[in-house]
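Common to both upcoming complexes is subunit A, partnered first by subunit B, then by subunit C.
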Partner chain A sequence: MGAYLVKRLAASLLTALLASMLVFLLVRLVPGDVVAQMMGQAGGEAAAGAMREFFGLDQPVYVQYFRWLTQVLQGDLGTSWTRGLPVTMLIGQAFLVTLEIGLLTLFVATVVGVPLGIVAGIYEDGPLDTFIQSINVVGLSAPVFWVGLMLLVGVSSMFAWSPPLRYVPPARSLADNLSILALPIASLAFLQIAAYSQFVRQNVVSALHQEYVRTAVAKGVPVRTIFFKHILRNVLIPIVTFMGLILIQILGGVVIIESLFALPGLGRLLLTAIETRDYPVLQGALLIVVVAAMVVNLVVDLAYRLIDPRVRVS
Partner chain B sequence: MTDLSHPRRFGAVGSLTRRFRAEPGLVIGTALLAVIAVVAAFPGLFASASPFSVDVGASMLPPSAEHWFGTDDVGRDLYARVIHGTRVTLSICAGSLFISALIGGTLGLVSGYFGGWADQILGRLIDVLLSFPPIILGVIITGVLGPATVNLILALSVVYMPVFFRIARAGALGEKEKTYVEAARSMGISEPAVLGRHVTRNVMPLILTQYMILFPLILQIQAALGFLGLGVQPPVPDWGAILEQGKDYILYAPWMSVFPGLAVLVTSLSLILVGRALQKRIDQR
Partner chain C sequence: MSFSRMLDRKGALRISLMGAAVLGLLHSAPASAQSEGLYGPVADNAVMGGRLNMGLLVEPPGLDPFHQAADARIRVSVLMYQGLFYEAPSGTAEPLLAESYEVSDDGLTYTIKVRQGVKFHTGADMTAEDVAYSYNYIRDPENGSPGAGDFAIITDITAVDATTVEIKLSTPNASLPMTLGNKYGAVVPAGTFDDENARNLMNAQSVGTGPFKLAEFVPNSHIVLDKNEEYWEQGMPYLDGVDFAILPNSASMLVALRNQRVDLVALSRPQDVQQVEGVEGLEIERWPSLGQASIDLGSETKPLDDVRVRQAISLAVDKSEVMQASIGDFGTVLGTVPAGLQEQWGLPLDQVPMQGPDNEKAKALLAEAGMTDGVTMTLTTINGYDWMDAAAVTLREQLGEIGVTLDIQKVDLGVWINNFRSSQMGFTFNDWATQPDPNLLFYRHFHKKPEGADFRNWANDEASALLDEGRAEADPAKRREIYNEFQTILAETVPTIMLFSPDHITVRSARVQNYVQHPTGWYYGLARTYLSE
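Right after this comes the complex of A and B.
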């Protein structure tokens, strides 16, 4: 386990390093630079030159990269070019918002999606299964942001209510916070419930067709015991693995949902940084996204090994 | 000898209903896709109004007999825009996905078949691309390069290239151990020819199925980028771009958002149904 962990971590670190390099290069190779965009028509050549020097943009790209990397390794992601605040602080605030949305969505998707999938799987090809599967296909087909828009219209026309425009952190008022997040979470969860229940259904169906289940039925083992001991136990492992996948998907979906509902999370930070060419914020936010996805993958992998002894042996 | 156990008594209609009972998803999906393809090919047949003609006096009219889907903020007919948007949106998706299948698939085949250091390096690079959630990769590329159709196609081509790479690589790895490859080699056929003529042909169904499975996903990303203002730019009718335009009026003119979103939904749905049926066949083989 120890050796495996070290190998995995090393590979992840290398990938993160390469990813950061890719982002760094991509941002800088693009024609038209941040200074030109910031200064617009105003200011002469001298002022622009001074500004480039101030941001370190007069140096060759590799020098800029190593300078940035040394800082990052010391836990400093630099200072935002447009807001003058430390990037770590901006990301820290935004990350909490995104994390709350992500975890709550995961919770809703699991609590609703898993039972739906189990029911669909048990009644394979029955009317209930067909019904659940039809809803799932719609859930997988509807664009997340469009579901958000439709919920907004539906809620506002039915209850004459629309979510407040200003974000309130949970520490100030949990009720207000949740009322703001309800629609974004519902729109993200709609897709993930569909994905989750689809996945669980497949696993339940294949578990049901195993010979040991048939044997248990033939032996007269009570249905409840078969369900809990033979089916649920075997379905549990893929459910855990899939949780990680869902969380990473939510991380992607959040970008659009945050922009739609004006939530100050990581996705919005990223979009604003792209718009304003705020390189330090963009690089920092992307690094966090990549690392977060890697951590989720790693945790899933380790959990998998803990739950399933067979993986450890191989 | 004729098979008497299954007499063909029902004719064409009968076989269609039988097929529908066996695989309802495939039949519904194929039928919907056929309609969508005809709309994309001949939008003029379905919508006579111009998707570009502005009429400020008729802005934000709700759906009516005259304007089936209503009108937008500058009075353009939304039905015409959604119908004409079919070709714009779907050709961008199909083209981008084709580029990723071509490049990703070729690299994957070569990488898996020959192995070695090139395989190692490519594998690493693919891992790097895979470390970004797909939609975020799309947002960075279009955001940094700037909103333009060329950049959108570039971004969409990159997003799922790693998936094609992996599928093709795994396929080539599996195939190269098989007896027919060994036989071809022992007959003196050169390695590139074995790969090009024999291995590729056997990996092709996997790539095509993947193409169908990824199509609804790339459509979602295309629409999302359009919605963020990073995709096709107005006044070109594109489903994502229409949605982007409608979001500011969502509470006053919801029809501006309802119909282009439904277009994405129905297209995705039919693609998912067909993709699933194909996947099932591959799995059964």
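Right after this comes the complex of A and C.
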């Protein structure tokens, strides 16, 4: 286990380094830089040149990269060129918001989606299954921004209520925090519940048709035991894999939802950083996203080993 | 000399109030009247206190007035930072932190008396020293201010004594006071930028003299401004503070308005107003604008280097049809200046040459240019500017009539600005705004290089000479003549086609009183706003 972990971590570090290089180059390939954005249709070339020098943009790209990498290795992601705040702080604040949305969405999607999938699977092709599947089709095909907008407009016209505009962290007031996040999480979870329950249903159905289940039924094993020991245990592994995938997918949808509901999360931070060509924020945030995705994958892999003894051997 | 300039202060005020009352009832045309005086009308029976929630559709990329040119920054920062003069909507520069000024006979020296009893948000008293420091900082290109270009004609700024500043120019400039307004830079304590971190700190605390101080700026979330208790205008501002919520999505913004999460919003797409029309408790107002939606024609791009092709395009364009498609009725069709400048400085609309649609003449010009078989061009639109999409389709139809085929190319704003700044704009839509002054509107954009930026590679000697003349002329009547002549050349040789000014549309809850939208789109009006409850 120890050697495995070291190997995985080393590979992850290398990937992160390569990713950071790629990110660094890619953001600079997009035409226009922060100075052009700050100057707009004003400003002479002398002033623009002075600003480029100030940001170090007059240096060759490899010099800029090594300067940045040296900083990063010291745990400093630099200062935002437009907001004037430390990138680590900006990302830290934004990441917590996104993480909360992500985890809560995952929680809701799991708690609702898995039982729905199991029920649908057990009653395969029955009316309940058909009903759940019909809802899932809507969930899978409706784009996140549309669901978000419909929820917002729907709730607003039915209850004359819309979420408060200023984000409140859960530490300050959990009730306020949840009232702000309820709609965004519901919009994100809608799709994931559908995806989840479809996936679980499929696994339950295939487990039900396995010969060992048929044998167990024939032997008169109680249904409870069959369900928990033979079906659920086998369905659990793909569910954990799927959970990791879903979390990454949620992080993708969060970009849109954060803009729709004015949430100061990582997605929006990235989006504004792209618009303003705020390289330090962009590089820092992308690096964190890459690292976060790697951590999720690693945790999923480790979770396998706990659940399934066979993986431990190989 | 225009009518409003001949009026005394009181007369102008009376007329503007009357205009406002009439238009308040009608709602159908933009409120053309703007009150005199700083920021907006002083209320007779204002209620003190309360915090106003304003929605922002575009987030300021930063709040530093010295290094950030984005309009979203200026809209908010004018409440915290002040320059020597205020850009009155009538087109005059009213003393703000200046008390009065004198111009030498040769027009090269401005002696400015600085207002007494003004305190910075830091608590320090403002002196002439601070004024000289601040403007010297902006005009030195080494400091990287986007305003440096506008200040290039200044050769020297010195504090003569504690209350007097002397500004020396290389050439007379009648719009100097307007240049010393609030777009770029502001008066800040001397030595502010000695601290390397000063420009970053401006996103955390304000160091200006304005009616509001910065309390908090959380990117992607909100900006909190508190009343400046030591503000120099007696009894101002009425509000205890302004809370800006940043909500980049107009559908969500309209929902927030309906549910009273925000009290006031300036809409960026005028047609969105239809979604809140008739909602109880919401007041919708239209205001004239200094912004313009236009088509730019860069002469570096073939066949736009041929003036006949540009003229043909100008003649084929039906501006009011383009406006209808883009923003409906919520704007004003233009001649050669934005709507807010037309009365004061615009060439009368019936005298503007090369206005269409006149397809026969346009086709003849194209034929003369040797394009009898038609021609294909690429029109650039900018991502995020919704009006351009509808306008592009309409323009394609219109130009199709004279045998010009348009390919529409949509680019990211950053890409577009890059092309624009390197004078490689080609054939593109543009969306920009100005201060209420013809020199500030035209000079940098249209004077040939190196004095101007000549983004469109127009390189017109005659027009450049007129711009120099107009800048130096102090007499308003003569100045107007010069700029009319300039506009005639502009319309005849078509480096740009100004299409329309979209009205500023504000939606406020009924408790918001006395808010006047400045034609620049900046939120000056909040300094005179109060809440009725």
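Simple rule for what comes next: the second predicted complex is superposed on the first by the 311 of 314 C-alpha atoms of A that agree within 3 Å, B and C clash if a C-alpha of one lies under 4 Å from a C-alpha of the other, contacts with A are read in each partner's own complex, and residues count from 1 in each chain.
In this section, a contact is a pair of C-beta atoms (placed from the backbone, for glycine too) under 8 Å apart; a residue touches a chain by one contact, two chains touch by 3 or more.
What you see is a predicted model, and the numbers here were worked out from it, not measured in a lab.
Undergrad: Is the arrangement of subunit B and subunit C around the shared subunit A a clash or a fit after superposition?
TA: clash
Undergrad: Applying the touch criterion given at the start, work out whether A:V87 contacts subunit B, subunit C, both or neither, answering first, second, both or neither.
TA: Neither subunit B nor subunit C is touched by A:V87.
Undergrad: Check whether A:R166 is in contact with subunit B, with subunit C, with both or with neither, and answer first, second, both or neither.
TA: Once the two structures are laid over each other on A, A:R166 reaches subunit C alone.
Undergrad: Kindly classify A:L287 by the partners it touches after superposition: subunit B alone (first), subunit C alone (second), both, or neither?
TA: neither
Undergrad: Where does A:A207 make contact in the superposed view: on subunit B (first), on subunit C (second), on both, or on neither?
TA: A:A207: touches no partner chain.
Undergrad: Looking only at contacts as defined up top, I'd like to know whether subunit B or subunit C touches more of subunit A.
TA: Partner touching more subunit A residues in the overlay: C.
Undergrad: Once the shared chain is lined up, is A:A36 touching subunit B (first), subunit C (second), both, or neither of them?
TA: After superposing on A, A:A36 lies in contact with subunit C but is clear of subunit B.
Undergrad: Regarding the shared-chain residue A:P264, is it in contact with subunit B (first), subunit C (second), both, or neither?
TA: second
Undergrad: Taking the superposition on A as described, I'd like to know which of subunit B and subunit C A:L106 touches: first, second, both or neither.
TA: Touch partners of A:L106: none, neither subunit B nor subunit C.
Undergrad: Touch check for A:L77: first (subunit B), second (subunit C), both, or neither?
TA: The answer is neither, since A:L77 touches no partner chain.
Undergrad: When the two structures are overlaid on chain A, which partner does A:L152 contact: first (subunit B), second (subunit C), both, or neither?
TA: both
Undergrad: So subunit A touches subunit B in one structure and subunit C in the other; where do those two contact lists coincide?
TA: Overlap of subunit B and subunit C footprints on subunit A: residues 30, 149, 152-153, 156, 162, 259-260, 275.
Undergrad: Under the definition above, what is the set of subunit A residues touching subunit C in their complex?
TA: Residues 30-33, 35-44, 46-51, 54, 79-80, 82-85, 90, 93-94, 149, 152-153, 156, 160-162, 164-167, 258-265, 268-269, 272, 275-277 of subunit A touch subunit C in their complex.
Undergrad: So in the complex, the part of subunit B that touches subunit A is made up of which residues?
TA: Residues of subunit B touching subunit A: 124-125, 127-128, 131-136, 139-141, 143-146, 216, 220, 223-224, 227-228, 243, 246-247, 250-251, 254, 257-258, 261, 264-266, 268-269, 272-273.
Undergrad: Provide the residue numbers of subunit A that touch subunit B in the complex, in ascending order.
TA: Within the complex, subunit A touches subunit B at residues 11, 14-16, 18-19, 22-23, 26-27, 30, 137-138, 140-146, 149-150, 152-153, 156, 162, 248-249, 251-253, 255-256, 259-260, 270-271, 274-275, 286, 289-290, 293-294.
Undergrad: Please give the residue numbers of subunit C that touch subunit A in the complex, ascending.
TA: 53, 55, 59, 61-62, 64, 67-71, 141-150, 152, 184, 197, 199-204, 217-222, 243, 245-249, 251-252, 255-256, 258-259, 261-262, 412-421, 432, 444-445, 453, 455
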